[in-house]
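Several structures are given next for inspection.
You will see subunit A twice below: alongside subunit B first, and alongside subunit C after that.
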Partner chain A sequence: MKNHNVREDWYHRFLRWAGGEEPEGAEGPEDPERAEFQEYLEYIEAHGYMEFGAYRLMRFRQRREKGLEDPRGSLHGPPAPEPEPVHPPRHHRPGKLRNQILLYRVLSAVIVITLAAIFLVVTMNLPLFGRADSPAVNEVSQRYLEQGLEETGAVNAVTGMILDYRAFDTFGESAVLFAAAMSTLLLLHSPKSRMRTFRGPDQVLSQVGRRVLPVILLFGVYVVVNGHLSPGGGFSGGAILGGGLILASLVLGEERMARMLPAPRTSKITVTCLLAYGLMKGYSFYTGANHVGWEVPKGIPGAILSGGFILPLNLCVGIIVACTMYTFYSLFLEGEG
Partner chain B sequence: MLETILQQRYYITAVLLFSIGFVTLFLHPNLIKKIIGLNLMDTAVFLFLASMGYIEGGAAPIVEEGAKASQYINPVPGGLVLTGIVVAVSTTALFLALTIRLYRQYHSVNLDVILMLAWEGKAED
Partner chain C sequence: MPLTYNIPMFSILLVLMSAMVIPFFSKKSWGLNLIRGVEVVVAALSAVLLVQLSGAGESFTYQMGHFPAPWGNLLRCGPLEALLALVFSLVMILSLCAGAEDIRRDVRADRQGSYCVLMQLLFGSLLAMIYTDDLFTAYVFIEIAAVTACMAVVAKESGRSVVSAIRYLIFSCLGSGLVLLGIALLYCITGQLLCSSLEQAVMELVATRTYSLPLVVSALLMTLGLSIKSAQFPFHAWLPDAHASATTASSAVLSGLVLKGYLIILLKLILRVYGPSLLATTYMDDLLFLLGLTGMLFASVAALRQEEVKSMIAYSSSAQISYIFLGLGLGTDAGLIAACYQILAHAMTKSMIFSGAGAMIRASGGGHYWSQLRGAARRAPLGGLAFTVGGLSLCGLPLLAGFSAKYCLAIAALDAQWQTAPALFGLAASSVLNAMYYIPAILAIWGRGKEGERLPWKWEREGALALFLLCNVVLGTAFGPVRDLIEQGLNLF
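Our next item is the complex of A and B:
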């Protein structure tokens, strides 16, 4: 399968793999995969549609039965001369695997029905919906609501909760987003895949998009900056900003956006924001826990510059979310080509 | 009984959504639809948490000075749902990227076909 006569060390193989290079096949001047795909297209023209994977499996079995070539290489090798156009056995699987799949289906149906029944019984015995005396309304939420304003300075209790009391939780969330973006980058990014040439969008889409785009971006900035005063905050505003960036990429063209925001730059911005978040929150936890007294002034509740570090923290989170959304979009667009 | 069902309708909807998502995740052979099922399960959990935090007649937790806690809904599930949404988006993106890699290798997103191809490759060893 693999044409490694000389064993490479794992690090270079990993690098080539991370670079998007397929470990086998697709080498040489004529591309055997492309030739096979051409044959597949001709086959479905003649015999009706079937999936490419099933087609390859059928061809592989035919070749192995004929013993025309080494079956190990034939899955990716050049196509065999002329197979008899036999329809594949549709539901044939090796017996052991078929039994396992049947067992799996029955077991999962049983598990799902049992779980749903248990959940429904539990639901009927839960505290009634909307009651103020349910055990979920306890001293924790009471403290957040009654003393959150003077302890955090944020009018929006949810923002005060997630960016002050539970700020390290939010830091972990931002780190999860960054980790997901980086793993997607590792899985999908290949340096040799060229940017697709931009086909101009529909005239109506382009004109409307250009006019709506500044409003969307401005609204995103508003939601981020007002996170401690009104519903919203870094996550929701960042999602709006990310949507605006995706719209910009659709309307202005991917090449222009790739010049403005290439993947290394978005990664650098995200890392900078994560570091800034960690520094700010580490500072306030350190000074607060040790009673040093250099606390950031809270300001007047309701003013835009209030709530201590909450406004810059919201900005950091918003930028991280927007960059991550845009990175996902551009990577999946690249993987499409 | 009927009154309880009507009162707990959000929780029951959440349970039904969760079951639908679970069945899709387990039984559908298409990988993309498995991911959609996982997202349905996420949504069911968010619905459950958000309806847990609702208090009848409560306002959104944009607090004023000197207000009592009983005027507002519970803000804690809101923060939990926020965390959940972010993790759901991240895992969805990761799963989709893995699906693209699988498709490049096997030219199919049908898990049965992928299993068969992988099985054929293993049987030769």
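Our next item is the complex of A and C:
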């Protein structure tokens, strides 16, 4: 009985949702800026496109003509009465979507369920993971595992794979990180941004952070430098270092960190590492493809100075990852302020 | 191995690393000059490679590093790849020259360096998509293109470009995710990522009839993902706003090149991985054909309704992309040649139209509605000429690039089976629709409007527009040689 009730409840809730109703508790935003932006979106949907600034100017003039105050925090006297709603109430979707909302929501549910069903059926038809006779176990992975140590000089087969066998892909991945960091820099960084006054960290965070921070940074460096000998490497060690830098910014204060690592400097460090990576791999692509010889000596496997270019490449990747993480953190913080 | 075989590797690394040098520059104008200089070098190198490869009639593979193919990375290059690289780098230089003033005006001064970095990374990722023979490498560079293309839209920082870039980002991520799922499925059932090994493995799977469901689903997912990213008709909702609200150079590059990068990967999947026979047995090529046919008509009808010049051009891009899908869906060699010809012709034409429209908008004081653009061609004559020639080329005026592409497609359609009549009807109807929105536009811009100042003569912009016009006429008149070159390239693909 109870089960039946619950199901009917869900079914009706779905019907009401598909009919265009909002779930309870989501009547409208309280933030006046957000409300204004929603009105703006409804307006451009109904009247054609207009710049947001122009829209605000128009609304401002309309209000002034009617002798109304700015609804947001007026300084003179009591707030003015609400202007007449020009547009339908907010729980209606604007424009075309309003008429098609039933179709839209039902179709979206159908598509999601169909895709999920297809993926489930496909997954049942895939070879089992880790079986010896699955197609992914072939001569490719065999050579990586059996001759990796001899050919790359790296004890850690994963590092040998990503930084020597398939180093071009890894260069591409580092470039993705760089592109993401440059994008946030383009959008959020402004040279004259005001720094938020640092209120001083939480007592517990400060005390624990100061003790833990050196250990984290040291561990990150260890994971990066030892990447060709033990599990780890540039990506994982760089993530630890990046986390350490973020913690440092929380504990020491953003201002001190901003003096030490301002956004242009982090991007220059990233770029230097990327260029070093590109030059080293460019050398080995060229010599490898043209069979020139002049290979970098691989050293004794297991020694810290071994594996040819793998150690410096790991350093580069580690610094790139750490700087990218820290750039994201600091720029988003700046954007909030 | 001849020294010229290093050109693909060298040009990819050169482009990516030149992007990474820019943050060191203190003077911002150096960034733009550097990336254009590097693109000139890449264009020259690609031309050398094209002459050598088409003369010798050969293609080659280039191992990236000390390890042979399935273990290490591999580039592959033939005449078609060299031709694509040449045309792409030309379009890139010309768009950046024609849109340089708009970049200086639309992008904030302290952010122009970052903008140049991102545009150059975008170009590098397109080059890598052209040359790579490995699906995972292709995916990595699809990611770079996705991030940088969104930023190319948002760099203008107007309200509309921010909203449309967010929409673009969501669609783009959906597309990348579907492609990645497809690659993962394919790897699960074959254990390979390299195209040539994949082809053998897929042939074995088809012969033994194992894993046929995951195989078909992976093909579907990748086609779906790539058609979302290249704005094929039902998935084109993100395109018009994103391309219309970006700065001129971004619009030209996004419409002309970025959409084509994904189509080149689709072409590689069809030719090198799945093979035409598998596509025919699973009706995948019919799906592509129908997508192309509906897109040609519906996107053109949508373009008719636009009141704003750049939105109209953007919708027309979606219609032109459909021609490529139509060519791929014919399933014949002639269809593939027509698709490649359309890739080249549209890359040249659409970026020229966007650049010309940018010059006219600038001459009209930033107004981009038809009412404000009346008589704009008199204020910016070369921009108006570029728009006119581009529009007529897309309508199918002989001796221009668009006509040759349509002609190629029509010849290919004649050899097809049931597709002949619908394809020819689609071509004719879509040409009429193109004319219905381009010809009134051309009349409006040459008509008598309010008198305004003429746009001051800038060698940078006018030279780029003139070169665009020249390239367009060359692509239109040199129909035979270009078609032979593409045919040779596809045979060696």
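Definition applied: the second predicted complex is superposed on the first by the 238 of 337 C-alpha atoms of A that agree within 3 Å, B and C clash if a C-alpha of one lies under 4 Å from a C-alpha of the other, contacts with A are read in each partner's own complex, and residues count from 1 in each chain.
In this section, a residue touches a chain if its C-beta (ideal position, glycine included) is under 8 Å from a C-beta of that chain, and two chains touch if they have at least 3 such contacts.
It should be emphasised that the depicted structure is a prediction, and the values quoted were computed from it without experimental measurement.
Legend: residue contacts after superposition of the two complexes on their common chain; A:136 is shown touching both subunit B and subunit C. When the two structures are aligned on the shared chain, A:176 is found in touch with subunit B and with subunit C.
Of the two partner chains, both subunit B and subunit C are touched by A:187.
Once chain A of one complex is fitted onto chain A of the other, the partner contacts of A:166 extend to both subunit B and subunit C.
In the superposed model, A:298 lies in contact with neither subunit B nor subunit C.
When both complexes are overlaid on chain A, the residue A:282 reaches subunit C alone and has no touch with subunit B. Of the two partner chains placed by the overlay, only subunit B lies in contact with A:112; subunit C stays clear of it. Of the two partner chains placed by the overlay, subunit B and subunit C both lie in contact with A:52.
Of the two partner chains, subunit C is the only one that A:267 touches; subunit B does not reach it. On subunit A, the surface patch touched by subunit B in one complex and by subunit C in the other comprises residues 51-53, 126, 134, 136-137, 140-141, 144, 166, 169, 173, 176, 179-180, 183, 187.
Residues of subunit C touching subunit A in their complex: 1, 5-6, 9, 13, 16-17, 20-21, 23-24, 62-67, 70-73, 110-111, 114-115, 117-118, 121, 124, 128, 134, 136-137, 140-141, 143-144, 147-148, 150-151, 154-155, 158-160, 185, 187-192, 201, 211, 213-214, 217, 307-308. Within the complex, the subunit B residues that touch subunit A are 4-5, 7-12, 15-16, 18-19, 22-23, 26-27, 51-56, 58, 60-65, 67-70, 72, 74-79, 82-83, 85-87, 89-91, 93-94, 96-98, 100-101, 104-108, 110, 112-117, 119-121, 123-124.
Residues 1, 22, 51-54, 56-57, 60-61, 71-72, 75, 93-94, 97, 101, 105, 108-109, 111-112, 115-116, 119-120, 123-124, 126, 128-132, 134, 136-137, 140-142, 144-146, 148-149, 155-158, 161-162, 166, 169-170, 173, 176-177, 179-181, 183-184, 187-188, 229-231, 235, 301, 321, 328, 331-332, 335 of subunit A touch subunit B in their complex.
Interface of subunit A with subunit C (complex): residues 48-49, 51-53, 118, 121-122, 125-127, 134-141, 143-144, 151, 164-169, 171-173, 175-176, 178-180, 182-183, 185-187, 190-191, 264, 267-268, 271, 274-275, 278-279, 281-282, 284-291, 295.
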